[in-house]
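Across the two complexes that follow, chain A remains constant while its partner is chain B and subsequently chain C.
This part shows the complex of A and B:
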């Protein structure tokens, strides 16, 4: 389980990294997903460009309505609130449930999103928050809505020579409430199901995550939540997740009901 | 035993000698060893389960079987009638029989380069129909792994004490179908071997991560066709063995062959993927049981069919059929009944060769018999714990010979059950709610088992093994400066023998614990032992150290008495010194007299000096039986199928505890593995014989948050047969958890009418059982 030989370079800036990618280099962030793939020789890049320390990749920029987080910030930095939280505790809560601390110390927000594992936590979280992915390529920046970023299992919307530079996260209001229910067999494992519900004034989102595909937004459930009504969650899941077995859909429904139940918990 | 019970002797809770280096990260494992010019080995392994191997091509330093000279197959004989031989070529000859079997060996300056070479090798595989399960192997017209056999059975064994009368008359009959998953043993340190040629000694030196260095020496010499005097096997620190490292492995032979023929240094360090694929070799049993009982739930008879998914070859030296012998022989467990019939099929399958894993067949048989007891209780409408207690061999019946001729030497099994019943709070629990505030169903489960330990010559001979253990040896020596050196051929693989053997040495000689040094596991420096397996180390090597220490103590006393001008009988060892009345000596005074100032010695001094080698085996070969009861309280989430262990208690008795902390450590570790067996660990195969769990994403091990804080209590019923009344305890913890946890799950799910009879009890299986019950 040793990787096939590859070259390694560290990029000082994002344009430098993009240039290396145009030459066929693959970006390396925390290496927590890419490392195992290299070791198993499932990935055999001729060259890796390390993007963790490229300028701007670890920055935080706050505005009245958003926080822009550099893609190379780690799960642990978010967990420890070394990155200012604009989501009323949602991001630190999610970060704390990812993998084990050793993985969180290295794994990055951007690496996780780009890797696009359907069961990963950030993929569902960013979809729920309505975050915006800031991609950077040879022609400059481009914004991609989170729900359009993951195209399928392990496939993202970036072009070959584009990288994820940052994630723009909308601020939640002080009155916002959320529920995040990750069902997994064992602490630190990927999710069997994720239910995420965010309620912020007139705005609500309900997302079923870890569905072997991009996370599924459930607009009827969100509308019902805003109206204070109950919706037929099972029917909406059946429509949105026809590829899952009834038992697997049931588990997603359980995670969503638990997430909804968390809305009333004080935080 | 003048030092007995003292600060560091037998019974003391002293900290482990080995911890200082391990806690500082200074342990020295196989992968830590470096030798000049050492090259790495990588193996090309079969990607298919069953195939004829055709043309092979490779470039660079890549070897196939034909390139080896003078290497024999691993041939594991057994004297059991009907057992079929399955010679195991160290690399594929004309067939491969499991995914992971070695096809080629690549050698390069480092592992990555060796893997590059291995993956470039080209081998033609002409597929044969795979046998991926016992059912497939026993089916009419099944493909044959070893065509000369005529079937796929290593062995079909039977035991019958007569069941017909009970079957015809028993008022209660319970049937169960029970399945245990295939597992890997997953020691923290994988297998590894480094071998080189020692030009000065004219010797092959093999540092290998093994439990049984002296056996490996015999095995290597036999397969490589060289004299044993030309082989030294030295095990460095070993990070867990569990049975996986008590086998002669093809990798060990191949790396040794390179060193022998090329007269240089080579190594192979197993990686996790190799272990998960080529090491999936344990635990997979299937039971079809019919139990007979009376209306009170008294077990009258048991009729069992057992299948062991044995894999492709027979491991050396423990054979492919040790598991079957243990499964059929141990199924009756701690229960008192006399009608028993068992038929055991050791089925050859296209999977890695079966090996004995901590507890050997007993986690499976304990799971099977304990689910049976609960099923009987349910059938007669009584509390399972009561029915269990009434069926156990009572303390008043000890010593007790059971239906399969196991000689239970001592103990009170029902008392241990009563202890855990009390500690887990069964009565209060029954009076309380059946669900918790989260809506989870609550349940309590129990199991009681015996752990045959330190069984010896006759028992192993009856299991047909090619190598049979006898007297274990230990060497003790007082040094010129009064320290004690202990040498034994057993090895410490995490179980703390450097500490416990020193405690016994201290008890016997009085030499201060901190001045005792224990050397183990090196055939060049230690006397013979078959090694660490079958919960035997502390009884066997401990017994040998005890005897050697006793003899040495006599010689120390003789010299000390002369120096103090008194009689040997007047000498006492205490507080690290040698006393006679008001006078006292240091151990160094005696050491100095023997080695450096012989003019001080008595005239009739024993010329063997201050070095003693002694051998030991217990008074009986039948083994001495440790035992325990475990109980767990669990919660099952009916919506997710996830199980949480809320409380777990253990009441164990392993005779005299040399060091209670080490007993507890062994018990914690074993029970943690048992939790893995119960809830998480599984190496599934598809019907093509492809393993489906080749990384730790798919092979789930319990982590710290899944392991409960086990609460352990002890009793000490001394064995009448062993030195100091000690019994073994290395395996026991792993035996009961699957039974306990699944009994608890079934207790919780009883109101839903659901029942689990398969381990691991995964969320999927629990949800399916609930759905089926509700359908």
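This part shows the complex of A and C:
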């Protein structure tokens, strides 16, 4: 079980990477999602271009309202808080639950987002945070809202010659609270259900993740949380996730209730 | 296709090595085959079992999904390189004392991971040790001995200082994304269990006109992204279907039958095909029935579509059935939009080319003769 042959190049800069992609190369960052697919020969790219060493791909930039994280930062670097956390501990918590430490040491934030596995953690987290994806292509930079970035299973909004360069994450206030509950059969496995709830002053978001499609925002549940009321979560899930069986929807409801219960935990 | 080997410089267990490796060569294969460091074991080769775990630049990583050329310049430590490491010496003693191995296949990866747990976390509750060890699979011991050995080694240890924070620059102006279009929840119908789905598409044209359009099979197939009917002979059809699921690209070539019933304005297409590239097979059935629209435009048509499919081979092993359902649903929606456009007399839909044969051939030729 070895990959089909491919060519490999390393891009020193983002424009160099984009040029290689225009020439048909596919981007490689940590390779922790792409690697297994290549080993199974499910993916057979003719050429890979390493983008993780390109200048600026591991940068961190902070403003009063956001943190801009380079797409090639690893999950482990976020887990260890080597990257300043602006989300009151949400990002390090999520990072620690991704696969296994050996995978987190190589796998990248951007790679996971672009791979767009519905059951992966960052797509749900970034949707919940209302983050912005910074794409780089031949025409320069383009900002894409996280909600619009994942189009479907394994499909993102990037053009063939565009790559994800960074993610801008809005700063949560000191009063913000969150809950993140993932249901797996085994630690580190892809999730069977993810529930994410973020409550920050007048702003709330409730997201059902790992729904075999892009994560689903639940605005009624969010409004109810803000009003301090209980909402009919099951009804909203049935409306938003008609493609799931009742048992599969139940799993998402359980993960969301666990996430809501986490809001009252002290952090 | 053979890609020429590239030069790679690694420091392996303290020794600088200049080597040649094909781009597709995994670090584990280079260590085992070229350097005879066979203590690094290969189990699943998908990054799940942990047997191949080695240190790359001081931190544990999977050598089965890390290309040797992609590790150029790195320091590698394999299980053979820990002879002088005091933590590993204690771990070896404790693995022995706690009967933490039987066949030994997982042990090199277990030890590399265990050493990282002890150094990075120090003494932590047993539950945390189990969580951290979850990426290393042992099929003999039941983990009790391994967890015991790690806990015994970590007793009284304090966490090593972690690496320095990554310096942050000031960000002048945050990016502004285009406003989120609040897409209406898609009108997907519940799945009928397994691998089937139904979808009703409303089309703003009368049933007679829609039926006539659907009788032109090649034109109809052109509305389904990636599909092409190459031959129609009575009820028998031949065709191709190209599908891209992220980095996975498959092209099924196959044969099928089509039955149309003008009286009920319904039809069934059955087909089966194989993708040589991934060694996957697919068979499917597409049923459709037209009826005067109940909910859409007055005088329009409701097209009820039922899709059933079965995948076998590598693609089926990889794909969770729900993901394929999502893909099929998106294809059905694009089919509806394209059919609608066709009926409205708009230009035929552009055929997306998820698999560009010319590009593939060109890449193969270039790889063979380019150097």
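Here, the second predicted complex is superposed on the first by the 267 of 267 C-alpha atoms of A that agree within 3 Å, B and C clash if a C-alpha of one lies under 4 Å from a C-alpha of the other, contacts with A are read in each partner's own complex, and residues count from 1 in each chain.
Quick note on the criterion: a contact is a pair of C-beta atoms (placed from the backbone, for glycine too) under 8 Å apart; a residue touches a chain by one contact, two chains touch by 3 or more.
A quick note: this is a predicted structure, and the numbers were derived from the prediction, not measured.
Touched residues of chain A were counted for both chain B and chain C, and C has more of them.
By the touch criterion defined above, A:186 reaches both chain B and chain C. Touch criterion met: A:32 reaches chain C, while chain B stays clear of it. Of the two partner chains placed by superposition, chain B and chain C are both touched by A:3.
By the document's definition of touching, of the two partners only chain C reaches A:44; chain B does not.
Looking at the shared chain after the overlay, A:62 reaches chain C, while chain B stays out of its contact range.
When the two structures are aligned on the shared chain, A:235 is found in touch with neither chain B nor chain C. Look at A:159: by the touch rule set out above, it reaches neither chain B nor chain C. Contacts of A:139 after superposition: neither chain B nor chain C is touched.
In the three-chain superposition model, chain A touches both chain B and chain C at residues 1-5, 36, 40-41, 100, 186-188. Interface residues of chain A, counted against chain C in their complex, comprise 1-8, 10, 24, 26, 28, 31-32, 34-48, 50, 58-63, 65-68, 73, 76-77, 80-84, 99-103, 105-106, 115-116, 118-119, 132-134, 141, 143-145, 147-148, 151-155, 168, 186-188, 212-213, 239-240, 242-245. By the touch rule above, chain A contacts chain B in their complex via residues 1-5, 36, 40-41, 100, 183, 185-190, 192, 247, 250-251, 254.
Listing the residues of chain B that touch chain A in their complex gives 110-112, 115-116, 119, 271-274, 639-640, 642, 680, 695, 697, 700, 702-703, 705-706, 762-764, 767-768, 771. Across the complex, chain A is touched by residues 1-3, 6, 22-24, 26, 29, 45-47, 50, 53, 56, 59-62, 64-67, 69-70, 72, 113, 116, 130-132, 134-136, 162-181, 185, 188-191, 193, 197, 245-249, 277-278, 314-315, 317-318, 320, 322-323, 325-327, 329-330, 359-360, 363-364, 367 of chain C.
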